[in-house]
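These notes are about the structure you will find just below.
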Amino acid sequence: MALSTVTDEFIKYIKGLQQLGEEWALDEASEFLVIAATLLDLKAARLLPAGAVEDEEDIALLEARDLLFARLLQYKAFKQVAGMMGDTLDLEAGRYPRQVALEGHFAALLPELLWRHTPEQFARLAESALKPKEAAPTEVGLAHLHGTPVSVKEQAEILGGRLRAGTPLTFRALTADAESTLVVVARFLALLELFRDKAVAFEQLLPLGDLTVRWTAGAEGWSSDHLSEEYEEQP
Amino acid sequence: MNQTGPGQAAGQGEPADVGSLPGGARAALEAVLMVIDQPATAAELAAGLNLTVDVVEGLLADLQQEYNGYTGKAPDVDSASSQGVTATPRGFELRNIAGGWRIYSRAEFADIVAGFVLEGQTARLTQAALETLAVIAYRQPVSRARVSAIRGVNVDSVVRTLTQRGLIEDSGTDPESGAILYRTTSYFLERMGIGSVAELPQLSPHLPGLEGIEEFYDAGRM
Amino acid sequence: MNQTGPGQAAGQGEPADVGSLPGGARAALEAVLMVIDQPATAAELAAGLNLTVDVVEGLLADLQQEYNGYTGKAPDVDSASSQGVTATPRGFELRNIAGGWRIYSRAEFADIVAGFVLEGQTARLTQAALETLAVIAYRQPVSRARVSAIRGVNVDSVVRTLTQRGLIEDSGTDPESGAILYRTTSYFLERMGIGSVAELPQLSPHLPGLEGIEEFYDAGRM
């Protein structure tokens, strides 16, 4: 996009605000400067030979930042029009439409109603109308692409069962039977929870070496009921 | 505009001073008469406008005459000077029926109005109307908001059609929310060929009753 | 439907000649405006009155001005001579909203009228609902997932409420994702007092090309 177009429009907009005596014009202006600087930064980075930019990662970062700003700006714009719409709706709510019942002599002229429903048909109609509606899908379901949901709590119970015996086990051994990465992740999270509850201790002799897990809570000292609720909510 | 913003709408403490508004008390009275569905008595109008009944009765008589064309004066012209000037009547008239005042379309235009009303009218209820009627029949007395919640769409115009068709009627207001409650009429029973709503076929017991519906739907209400 | 006279629909032979009645076509139009319960287009009114759309549009504009007090003339006074005389406005106004004409009480009298009109009082929308409505209004037709992405929160229950309130509606499904798309309704236009979504205020001018952002979005979607 041409930056000058945006800038020109923006300066016009800011001038308009200042004429109206809007105090937040300065806020808007500084915010715009930040965004413009970011965009310029990115543009410059793309134009210059590779030497000027450290590496691809920098560009990716800049793009991520740009995207974030763009999103914030868009959200802000919608917030702003939402406020205007709210004011309009309030103002319009003060105008009441004339929507009175049809005068009796006109209502009497309406053609006789055709009615073909038996009470049974009518009841079926009521059943379908009263049945709670399933929430309509927002997207094509992706459920079939995933395995069944994995519960951290469940995995914690499995780990507890294996470790309670007393023998320390490595993380590798504890996840050897995991049927998917999701299960590995869940077991890892479960271990963190267990660690927090002081039910297990970790030992790692070398960086990136095997992680050994030892049960420290005693045979009956821990139950999965302690597990934090946050894992039970589906996102 | 005037001091009290229209956005503040209903339920504000101070009664507005109708005299200070553009068009004054006469225009305020017109505003009310134009949108009320049920005829209102002079006393009711006076209370709402914060005027005496005498003043309101005077204004009502003035407006009635003006709509009938007995005076062609603009509302702000001194009334004494132009009283009696005859102009053409308006297309509407202010009528006092059984003590209540309401604006109606002028009787002379009944043929034209009837034609307009009948244009596009069908003898059949739409699916939306049928479903709304079914919900009201099985969950009466019920408010429009509740029916909207069950059907998932706004049912205002459909409820008006059903009322106009004589299939449902107003059965008082909900003591809590103040919303108008609707029930089916005896004409509905007649059309269904049954003696009372108790004769409607039983629905599956698994369907949510009104209480269940409240829980099911109100969670998402704002 | 233009040529068929309203009288015929009512089952009478001759279409009524609106010009021959007291008050003429203007009063006949007023009479019809008194009984409509939803906005009527100039074409619908013209068909019902057996007049051309042009004539009806002229009459509507006249009435609108007259109700607003731009001319205090009586309907039969020669229009050229008194045009522009300013009188006080009437208590009601004629507005063209969402493509249709309808009579409303004037906003200045909101406080007074509200006391008489219980129904139709709608609760104000929450901030969340307003923002969701704004996104849908400017991006329609749009899926809930897209609105969620812009607002950064789940909008399912808010969308349900907006649908129940009749402000938005289902407009089919996205051919690619199968997601339901939403758009605003004509009731929304009515509540906003505008003729079409094109009349919505512009989004902030400093918003850099929204089209670009859409692309970003699709890339960054979950």
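For clarity, chains are labelled A, B and C in written order, and residue numbers in each chain start from 1.
Methods note: contacts are C-beta pairs under 8 Å (C-beta built on N, C-alpha and C of every residue); 3 or more make two chains touch, one makes a residue touch a chain.
Values in this document were obtained by computation on a predicted structure and should not be read as measured data.
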Chain with minimal offset from the mean of all protein Cα atoms: C
Busiest interface, counted in C-beta pairs: B-C
Distance between the centres, which are taken as Cα means, of chain C and chain A, whole angstrom: 35
Separation of chain A from chain B, taking each centre as the mean of its C-alpha atoms, in whole Å: 44
Gap in Å, rounded to a whole number, between the CA centres of chain C and chain B: 19
Set of chain C residues in contact with two or more other chains: 10, 33-35, 37-38, 92, 103-107, 110, 113-114, 117, 125, 156
Numbers and ranges of chain A residues touching at least 2 other chains: 90-91, 93-103, 106, 109
Contact set on chain C toward chain A in their complex: 10, 33-35, 37-38, 92-93, 95, 102-107, 110, 113-114, 117, 120, 122, 124-125, 127, 130-131, 133-135, 137-138, 143-145, 148, 150-152, 156, 170, 177-180, 190-193, 200-201, 203-210, 212-213, 216, 220
Touching residues on chain B, where the partner in the complex is chain C: 1-2, 4, 6-12, 16, 18, 21-24, 26-36, 40, 44, 48-49, 69, 72-77, 85, 87-92, 103-106, 108-109, 111-119, 148-149, 152-154, 156-157, 160, 178, 180, 219-222
Residues of chain A defined as touching chain C within the complex: 1, 6, 9-10, 12-13, 28, 32, 35, 39, 67, 70-71, 73-86, 88-103, 106, 109, 135-140
In the complex with chain B, residue positions of chain A that touch it: 87, 90-91, 93-103, 105-107, 109-115, 117, 119-120, 122-123, 125-133
